Amino acid sequence: MLVHKAAITAHNETHYAQHAKALAALKDRIADPERVIKLVQEFQVAIPSWALGTGGTRFGRFPGGGEPRSLEEKIEDVALLHRLNQGSGAISLHIPWDIPSNPKAIRELASSHGLRFDAVNSNTFQDQPGQAHSYKFGSLQHLNEQVRRQAIEHNMEVIRHGEALGSQALTVWLSDGSCFPGQLNFRKAFQRTLESLQEIYAALPKDWKMFVEYKAFEPNFYSMTVGDWGQSYLYASKLGPQAYTLVDLGHHLPNANIEQIVSLLLMEGKLAGFHFNDSKYGDDDLTVGSINPYQLFLIFNELVEGMDARGMNHAADLGWMIDASHNVKDPLEDLLQSVEAIRLAYAQALLVDQAALRQAQENNDVAAAQEILQEVYRTDLRPLVAEARLRSGGALRPLDLFREAGVRKALIAQRGYHAHTTGL
Amino acid sequence: MLVHKAAITAHNETHYAQHAKALAALKDRIADPERVIKLVQEFQVAIPSWALGTGGTRFGRFPGGGEPRSLEEKIEDVALLHRLNQGSGAISLHIPWDIPSNPKAIRELASSHGLRFDAVNSNTFQDQPGQAHSYKFGSLQHLNEQVRRQAIEHNMEVIRHGEALGSQALTVWLSDGSCFPGQLNFRKAFQRTLESLQEIYAALPKDWKMFVEYKAFEPNFYSMTVGDWGQSYLYASKLGPQAYTLVDLGHHLPNANIEQIVSLLLMEGKLAGFHFNDSKYGDDDLTVGSINPYQLFLIFNELVEGMDARGMNHAADLGWMIDASHNVKDPLEDLLQSVEAIRLAYAQALLVDQAALRQAQENNDVAAAQEILQEVYRTDLRPLVAEARLRSGGALRPLDLFREAGVRKALIAQRGYHAHTTGL
Amino acid sequence: MLVHKAAITAHNETHYAQHAKALAALKDRIADPERVIKLVQEFQVAIPSWALGTGGTRFGRFPGGGEPRSLEEKIEDVALLHRLNQGSGAISLHIPWDIPSNPKAIRELASSHGLRFDAVNSNTFQDQPGQAHSYKFGSLQHLNEQVRRQAIEHNMEVIRHGEALGSQALTVWLSDGSCFPGQLNFRKAFQRTLESLQEIYAALPKDWKMFVEYKAFEPNFYSMTVGDWGQSYLYASKLGPQAYTLVDLGHHLPNANIEQIVSLLLMEGKLAGFHFNDSKYGDDDLTVGSINPYQLFLIFNELVEGMDARGMNHAADLGWMIDASHNVKDPLEDLLQSVEAIRLAYAQALLVDQAALRQAQENNDVAAAQEILQEVYRTDLRPLVAEARLRSGGALRPLDLFREAGVRKALIAQRGYHAHTTGL
Amino acid sequence: MLVHKAAITAHNETHYAQHAKALAALKDRIADPERVIKLVQEFQVAIPSWALGTGGTRFGRFPGGGEPRSLEEKIEDVALLHRLNQGSGAISLHIPWDIPSNPKAIRELASSHGLRFDAVNSNTFQDQPGQAHSYKFGSLQHLNEQVRRQAIEHNMEVIRHGEALGSQALTVWLSDGSCFPGQLNFRKAFQRTLESLQEIYAALPKDWKMFVEYKAFEPNFYSMTVGDWGQSYLYASKLGPQAYTLVDLGHHLPNANIEQIVSLLLMEGKLAGFHFNDSKYGDDDLTVGSINPYQLFLIFNELVEGMDARGMNHAADLGWMIDASHNVKDPLEDLLQSVEAIRLAYAQALLVDQAALRQAQENNDVAAAQEILQEVYRTDLRPLVAEARLRSGGALRPLDLFREAGVRKALIAQRGYHAHTTGL
């Protein structure tokens, strides 16, 4: 096991004095820091199993080294992240890339690291070797009933794998759509997709949720059959109370106001949760908070206000997952940066002076509303997030420790330079 | 009256031979041309009263001359367009810019020209002189109950004006929204807006429809409270069966697939109709079909297929209106070009070989589907549209005749160069 | 005079202890804070005369009250801002909205407040009363030589006004372009515009610069004749060494990487400076840093690195101007927020560890490069900016003092609620 | 050989009567049809060797069958297209995917089919097996001199392969750029890239051109080192007279006015030519003319007008290449559709009444300018393009004949269903 408890303790001792000073200064300035620290401690972000290896584009992929060669090694990687930041206590699996041969053992392995299994993800955007029918022209939307049947059964199988692992949600992201005008009848494609989803929904355990993810474009470049939040909402509301809309931050048209979408989905009780990432052009799948961290804060501001208005539990009532592609960074470092950005935005949102904001809104005092948001955004809240890590047993500076401990080098030594990550 | 019947007859005689030849050649090539001609004859596009003068931007406005100085003159202008193209048989009024002092006389005037009154439009995006409360921070969304009350009552007044004129729909376009993060609580703004709309809806005559228009941005530049089709659909479905979603072609984020939205709204029975225009960047309000005429055709293709699937009457069951701004062209010429583009796209859509398209879709024959669409799009169907005009008493070449008849010059002579169009 | 020196002193005394504590803590953490404070003190942002009143859109304008009714009052407003933040020591005039009847007196008035005149702006996007030729179809691009002549002479007149006031740059923003395909021959429009600019350039005093501003769209919605940085660069390089490209942050297509453009223009020695604002959709002209403050920091990071590489003086060698529209906020408050955001981003950029960043770049250590940028961005540097204000005689919290002092109320009392801002 | 001359003759006989009738009717209506037919005959579009197999996305690839397994088979496929449409008389190779083992034999094979070799394309966006240095962090921009050296030498090798085949241009498309802020110093990346390009340029035979292609994003998602036409122009003008800017229609930010870019590059004598495709969202690489055929026409309108103004030879003086990805269509059918769309747009542009357009422009008669463009765009010019094919020995309806002749089935029989296309 890389980066033992003792290494974390030693690291924290080195940095404690500086941290304590910064924390004390911050605590003087803000209201109820203990509440923020506690909530950040509870706030866990699921790591997707497919993000542990180097990602790529249609033009190429440039693997790093030491990538996980099995589900067990993927769990080890997430466990390592979680040891470091105590904020990655869940893993989101992708079927068929991560089918556990021994679910009980896998579950125990994860549990031994303090990890649970978040939403399981089906895959009908690729053909698997030996598959009877191709998804070239879609899966749940397909005109051929046999293709739909195959895709429905695949989703049911994913649910069964998830049940065996203790997961409680199925994420359905469909690449279904069309590349050219005329290719699809949109209405019929919607209806076939809805019927397929209804069959899957019927197979959902009673304590499960179905997350219907939408995406504006790619890999289909003319239409997507679950193309925006409005369409996902239509499916979810027709399906029933266990179905929700999943928001991936990179799945929108240019300039979309995502925070407003989030607020309205919460209002309707139909927000599933998130696939976090950041982007500049499309579904770029960049590190969370690397392009527009203020937008991330604004989204969390809607989340905190909206969840509180419904009496929801921040940590438990929505799905919090990363979905990113690590093309030029070490995947594990990238994930540490993403989790830090998410928790920082969450801490910022927790400290927005909601009463003052409400007052400013009631007065149409737009300048004051901006000041209230920027006051907290400009304040350096990293000590609170670090303290949350510290109290949970994590490292004050996870990325620094990851590097000092020579993790990547060790992983390459263990697994080889050309380790092949399942699924990538 | 400009451009008498006799002038049209003379014009048509000049051009008849060439037209007849082209029409005959076309009839040889296509199925059931008579059906297309008849349907195009029936298909009328409402002219908005605010589009009869020169439009502008925040940077400036450069009026032409001879613009209508009164509601009566606006009706005269639409009547002239309708005489020429026999496809502009309706007018869409904007209140308070077009409040009729004598509704009965106005209705008779319009009727004498073969015009009816399409949807009436309320205006809560500007303050009118002497208005008690300002819409600076919204109208139906406003935090102040008195402002909402004023806006609700304005909409009710618009309904009453519409009733007096025989209109049967109210278009509510709200500029409500916010310019900065924090300015609005999205959820509460939605709820206040919904409650306001519910009051207006309750005042709707039983045979009326309410059209809820959405817009992605402008004049608010951070959020719009009816910002996309999903939001408009939420309002419309909560309001009830008389409420529908109105699609303005320029009110979307970049790259939106409008035809898919149209198809799904039709599927849900919630499509109100259109504000036609074209655009390259935002709500540019350019001449219909001047930037991407193929997209216009694709939208009509969804409309024809979707309306037929629901057994709807093409001409009567949806609202067909232009909403454009004529900044650099003669407004009347611009409108002639827009109506021509709309009817041409409609004719193209009517001639899509739906059976073959269905077949291609069922075979996932994407190349064939494209061929089927492009076959009709590339065919020159202008003779059918011209024939529809001819049979209804219009001109074979409306724009040519408008110019030959010296209409603008005559209008300037009558109304002056610096005529002030009400509302602009 | 509103907000006297004494009021500022009293305000600062109230807030000093808290400020001093925060500053001391910050100084412990960062390298050479004195250098940053000094550079921020020197860094002045010009206020455009047109931003002192309420802005609007084509849909409406909702004025506040107490707006400046004359050039003198505009100077008073900028002087007030400058007293408060000691960072607005320049004013950028717009001709013909701000033609000084007595330039000497105006210059002395500004000077008495510590203000200088930055770039003067010509206006050929509107017709002025009594103007011989209309700019409906462009100005410097116009096909009619007389229109071009009029526009050229207007620009020369602007230069003369600027000379009288001690300005040293002319900003040429052209709304020239086209709304429809076919309207313009792009090549000939470029060449006519170039020839017109060459005449203006020839009239430029030897110590002046010409700033050629580009814009992607609006008010023309098909093409703009100076549409992007590449086009502006073409003009500027053909004109000669006194011509430069001006970057307005809101004048780009969606998703543009503005910081890269800035870096390359600096590399070519052709960057004029900035019109600062922020935007989500188009040229929204929102408060600087209100939508994507990280991008603003990234731009300043390029500026600092690039200017240092060329040995440039940060404060003096480029033009720093705000260009925003205050539709829903008090214009003066909005400007205080903008200047604060600009100086904060500048301070952040000054503290980027350039040596470490260079090292990370040389190692292709992308994660480290991100950490280096985010380390400084996440640090709360407001105490440095406040200290810069304090040392220069400004207020620790300009916006708070503006409000406490009841400035707007006093302005309304002085100037009336319906004061008409020249030019708006 | 599939689809012999005799099959084409038989096909043409079947369709001749209908074609002749349509052609005759068209000839009656338009000026100088013979000129158009002749120019369309001469106008040849190069087929890229990588477009002959099924393309894909990062999410998956769904191959069809019968794809070419060697360079020889790729040439056979292009030869087949050319036999059918007589408009695909060139092939654009990609190195290292298409390195000819026997260049002389390959050249003779191509020549025997009437094909020439258009621009050769280098590839530094992927790592090849056994490659010494990785392009993970760029090629010509790379910080490591050895990586740049490798990439420079690769480009020189590509030139040598091109020389052996009779090619006369090198297309350099660089995926170089960055995925995150801070990763690159833009200025230094530009300068290193320029220096690398200068070395390659120095190795260019005297009668060769270098095409510098730009792209806004993908596979790098923060910056591209040749990101827009302005940057490409900078490189090309610093390199010298043999360097030009290549326009790929899908490589722009949303809403870009490509036709204006084309016009200005022609004006500067720096337009290399095109990579044709169509797109809705990004570099979607869809069939030419499948999304916005009017824009394609507008681009050709600028080309014809601009080339004529410079006395250029339409067919010979620019590079005309397709660059598309065939994910859901038969690649050969897709290419037939693309070539047809290109030639149709070219024919439309040839028939624009330039004198009338110039007149309308001189009068600022915007409505007339639109009419002039739409008059020709709405006219069905397919008979002219078909006649050009017929006269050159091609098929009246290439796609129909391709299907009737059972080409795909035959190719699958010859090459197998799981044929692996080199490079994909």
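As written, the chain order gives the labels A, B, C and D, with residue 1 at the start of each chain.
Criterion: contacts are C-beta pairs under 8 Å (C-beta built on N, C-alpha and C of every residue); 3 or more make two chains touch, one makes a residue touch a chain.
No experiment lies behind these values; they were computed from the predicted model shown.
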item: Contact-graph separation of chain A and chain D, given in steps at minimum; value: 1
item: Separation of chain A from chain C, taking each centre as the mean of its C-alpha atoms, in whole Å; value: 39
item: Centre-to-centre distance between chain B and chain A (centres being mean Cα positions), rounded to whole Å; value: 43
item: Residues of chain D touching at least two other chains; value: 136-137, 178-181, 183, 216-217, 222, 254-255, 257, 280-281, 287, 290-291, 294, 328-329, 364, 366, 370
item: Overall pattern in which the protein chains touch one another (line/ring/star/complete/other); value: complete
item: Parts of chain D lying in touch with chain A, wherever the complex brings them together; value: 55-60, 62, 125-127, 134-137, 175, 178-181, 183, 216-219, 221-222, 254, 279-282, 284-287, 290-291, 325, 327-329
item: Footprint of chain B on chain A - complex, ascending; value: 136-137, 143, 178-187, 190-191, 216-217, 222-223, 227-231, 233-234, 252-257, 259-260, 263-264, 266-268, 294, 298, 301-302, 305-306, 309, 357-358, 360-362, 364, 366, 369-370, 372-373
item: Footprint of chain D on chain B - complex, ascending; value: 25, 254-255, 257, 280-281, 287, 289-295, 328-330, 333-334, 337, 344, 364, 366-367, 370-371, 374, 377-380, 382, 399
